[in-house]
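Below, each structure is written out as structure tokens.
In the two assemblies presented below, subunit A is common to both, partnered first by subunit B and then by subunit C.
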Partner chain A sequence: MTADIDLGQPQAQAVQSDEDVVRVRQLVRAVAVAVKLSLVDQTKVVTAASELARNTLVYGGGGSVEVATVDNGRRKGVRIVFSDSGPGIADLDLALTDGYTTGGGLGLGLSGSRRLVDEFDIETSTETGTRITVTKWSR
Partner chain B sequence: MERVPILKIGDILLVSIQLDMSDQTAVQLQEDLAERIVDTGCHGVIIDITALDIVDSFVGRMLSTIASISKVLDAETVVVGMRPAVAITLVELGLSLNGIRTALNVERGMELIAAAHADELEFQLDDDPDETATT
Partner chain C sequence: MALSTEESGRLAALLGEQDERVTTRWTEIVTSSLRGRLSQAELRRQVQDLHRAIVTTSEQGVIDLSADSAAELRAALSELSRGRARQGFSATETTISIFALKDVLAELVQEAGGPNALHDYVAFSKLVDEMGLFTFESFVRTRESLIADQAEQLLELSTPVVKLWEGVVAVPLVGTLDSARAQVVMERLLQTLVDTSSPYAIIDITGVPAVDTQVAQHILKTVVAARLMGADCIISGIRPQIAQTIVALGIEFGDIATKASLADALRHVLRLTGVETARRQPRRGI
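Then we have the complex of A and B:
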């Protein structure tokens, strides 16, 4: 996706509290509407963003989210980057398994949100924390 | 923190979620509802999510928990007004909303609760014929 062109300035949102997770949802929705995602796709990407922003807060100990529009020449989309400098994910395969959780949740955040977006990329290390990038393209 | 209002209509508690809830607000609603069920002795809870444009795993779990709590407190929970896009997303997310009854709108939800309560009364009466005579 090197040919992506940003349509506007990427929007940043700190994730330090419950209310920030709500703000992330609202920001992602605004961008998803701006790039004319269908209602179902808006709902999916906002839901995925809600799960991942909560993970950033709960497991990453807080961090930040950046929302940008992308364009590959044929389609537009929304790209969201979730970064934290938390402990990282020790076993990524396990963390991506439905129902696996270390936090008392349902274990659907990571695995479920991967199904809701078109591209899903995780970089994680015990030293630098976790960075998850997701993209949802318009149809 | 914002709070979700709980309305009492006859034997039913009606919760219409009109705001984008923070996790804390969702947990508070759970506690408030449990208290109101006990205080009022209502046998039904209707949660209207028409205004919710997403239900993520946290809110989904809250709905399941509310249904379980109210069951223990002798009340039936019905979730009404789920948007089609929300239903599609929930299924893809992998959330099954175990133990939750759903209805398309508040009116049907009320019918469902009335029917469930009538069944239960009948069951109790069948169970104890002596009591039938005295009540």
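Then we have the complex of A and C:
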């Protein structure tokens, strides 16, 4: 799994079931190891990916995840894009509030993932669905 | 899509008269498609069984694969696909054994000739298609039941509840904690608490690679359920990276005791129950 990660190519993974969430996690971990993230950062980015992939599945009705490596000249990192064509997020500020949930979870997935990564960007609309881009840089 | 009495009569005659040749040719075609992964003798036996079933069924008159009269044929087909599925053959490799009959029939019909040749071949072909689809479906069914069995075995394998001490049980969690497994873990743990009347349970998450909100929620629910039954839970195996992730996520374990290792958790429980552990004094002078 870890050995055949091509760093240049973004890796895509469809998210249609709980097993796919596990696959996303494994893929992100492999890429995070490949760009030499520390163990703590690996765990953080994998956990964030797990949360967001599950959101894609549960709230977005399934979608896809793309994992790529990024390089800004000084540091390397992992960039993950989660996209779905679900109903979108009606109130983004409310959704990013700790403890707010519409699905019976802890209400920490979205807000918590933002704290786990370095860059967090979210585009959502009720027509085209939601697209979340996160990046974690090595230190 | 059943075969009429005349058609099946002709099919029986066609296959029955030259049975040796039919089975040999049929076996040949199947053998080349499987590239030697099954022995010639075994294949030949399977083909002979199928051949016999088709001939017997067609001698009875109308062939309708879904009718009672075709029960023997259906049994032969599902036995073949079950065997192949268990031996790890692909769906194509399985159904090709049935579709190979078309090639044999094409040769036979061509030789026999006659005004009905094309009509017969189309009718026989449809029957073979139907048999192929039936085989495919039973192949998929077998595979699905295999997967279901394995998933169940995996659930059993991965969730032991062990007794560590008098009144202390532990659940070492390994791997991904999804809803199904979390449910099994909770049931096992609660049952073991009752069976052993243990007041303490340790949930060890050393083997859980990522603790996200879903995993945390499952663990919290299990702890609350155990508390309702009067047992105290300690969560152990929280490694540094997991601790930092939990803090960043904002998960709160409240007043639940957490420890870095299973040994710490056990020591904690033993202290609570008033068990003293001390090293024996080394003997001197010997």
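What we mean here is this: the second predicted complex is superposed on the first by the 132 of 139 C-alpha atoms of A that agree within 3 Å, B and C clash if a C-alpha of one lies under 4 Å from a C-alpha of the other, contacts with A are read in each partner's own complex, and residues count from 1 in each chain.
Methods note: a residue touches a chain if its C-beta (ideal position, glycine included) is under 8 Å from a C-beta of that chain, and two chains touch if they have at least 3 such contacts.
In this text, all values refer to a predicted model and were calculated from it rather than measured experimentally.
**Student:** Putting subunit B and subunit C onto subunit A via the overlay, clash or fit?
**Tutor:** Partners clash after overlay.
**Student:** Going by the contact rule set out at the top, does A:72 touch subunit B (first), subunit C (second), both, or neither?
**Tutor:** neither
**Student:** For A:16, select first, second, both or neither according to whether it touches subunit B, subunit C, the two together, or no partner.
**Tutor:** Neither partner.
**Student:** Applying the touch criterion given at the start, work out whether A:98 contacts subunit B, subunit C, both or neither, answering first, second, both or neither.
**Tutor:** The answer is both, since A:98 touches subunit B and subunit C.
**Student:** Regarding the shared-chain residue A:138, is it in contact with subunit B (first), subunit C (second), both, or neither?
**Tutor:** neither
**Student:** What is the contact status of A:108 with respect to subunit B (first) and subunit C (second): first, second, both, or neither?
**Tutor:** Both: A:108 reaches subunit B and subunit C.
**Student:** In the superposed view, which residues of subunit A touch subunit B and also subunit C?
**Tutor:** 18, 22, 25, 29, 39-40, 42-44, 46-47, 50-51, 54, 98, 105-106, 108-109, 111-113, 115-116
**Student:** Mind listing the subunit A positions that touch subunit B in their complex?
**Tutor:** Checking each residue of subunit A against subunit B gives 18-19, 21-22, 25-26, 29, 39-40, 42-44, 46-47, 50-51, 54, 98, 105-106, 108-109, 111-113, 115-116.
**Student:** Within the complex, which stretch of subunit A touches subunit C?
**Tutor:** Going by the criterion above, the answer is residues 18, 22, 25, 29, 39-40, 42-44, 46-47, 50-51, 54, 98, 105-106, 108-109, 111-113, 115-116.
**Student:** In the complex, go through subunit B and note every residue touching subunit A.
**Tutor:** 20-25, 53-58, 60-61, 83-86, 88-89, 92-95
**Student:** Which bits of subunit C are touching subunit A when the two form their complex?
**Tutor:** Of all residues in subunit C, those touching subunit A are 176, 178-179, 209-214, 216-217, 240-242, 244-245, 248-251.
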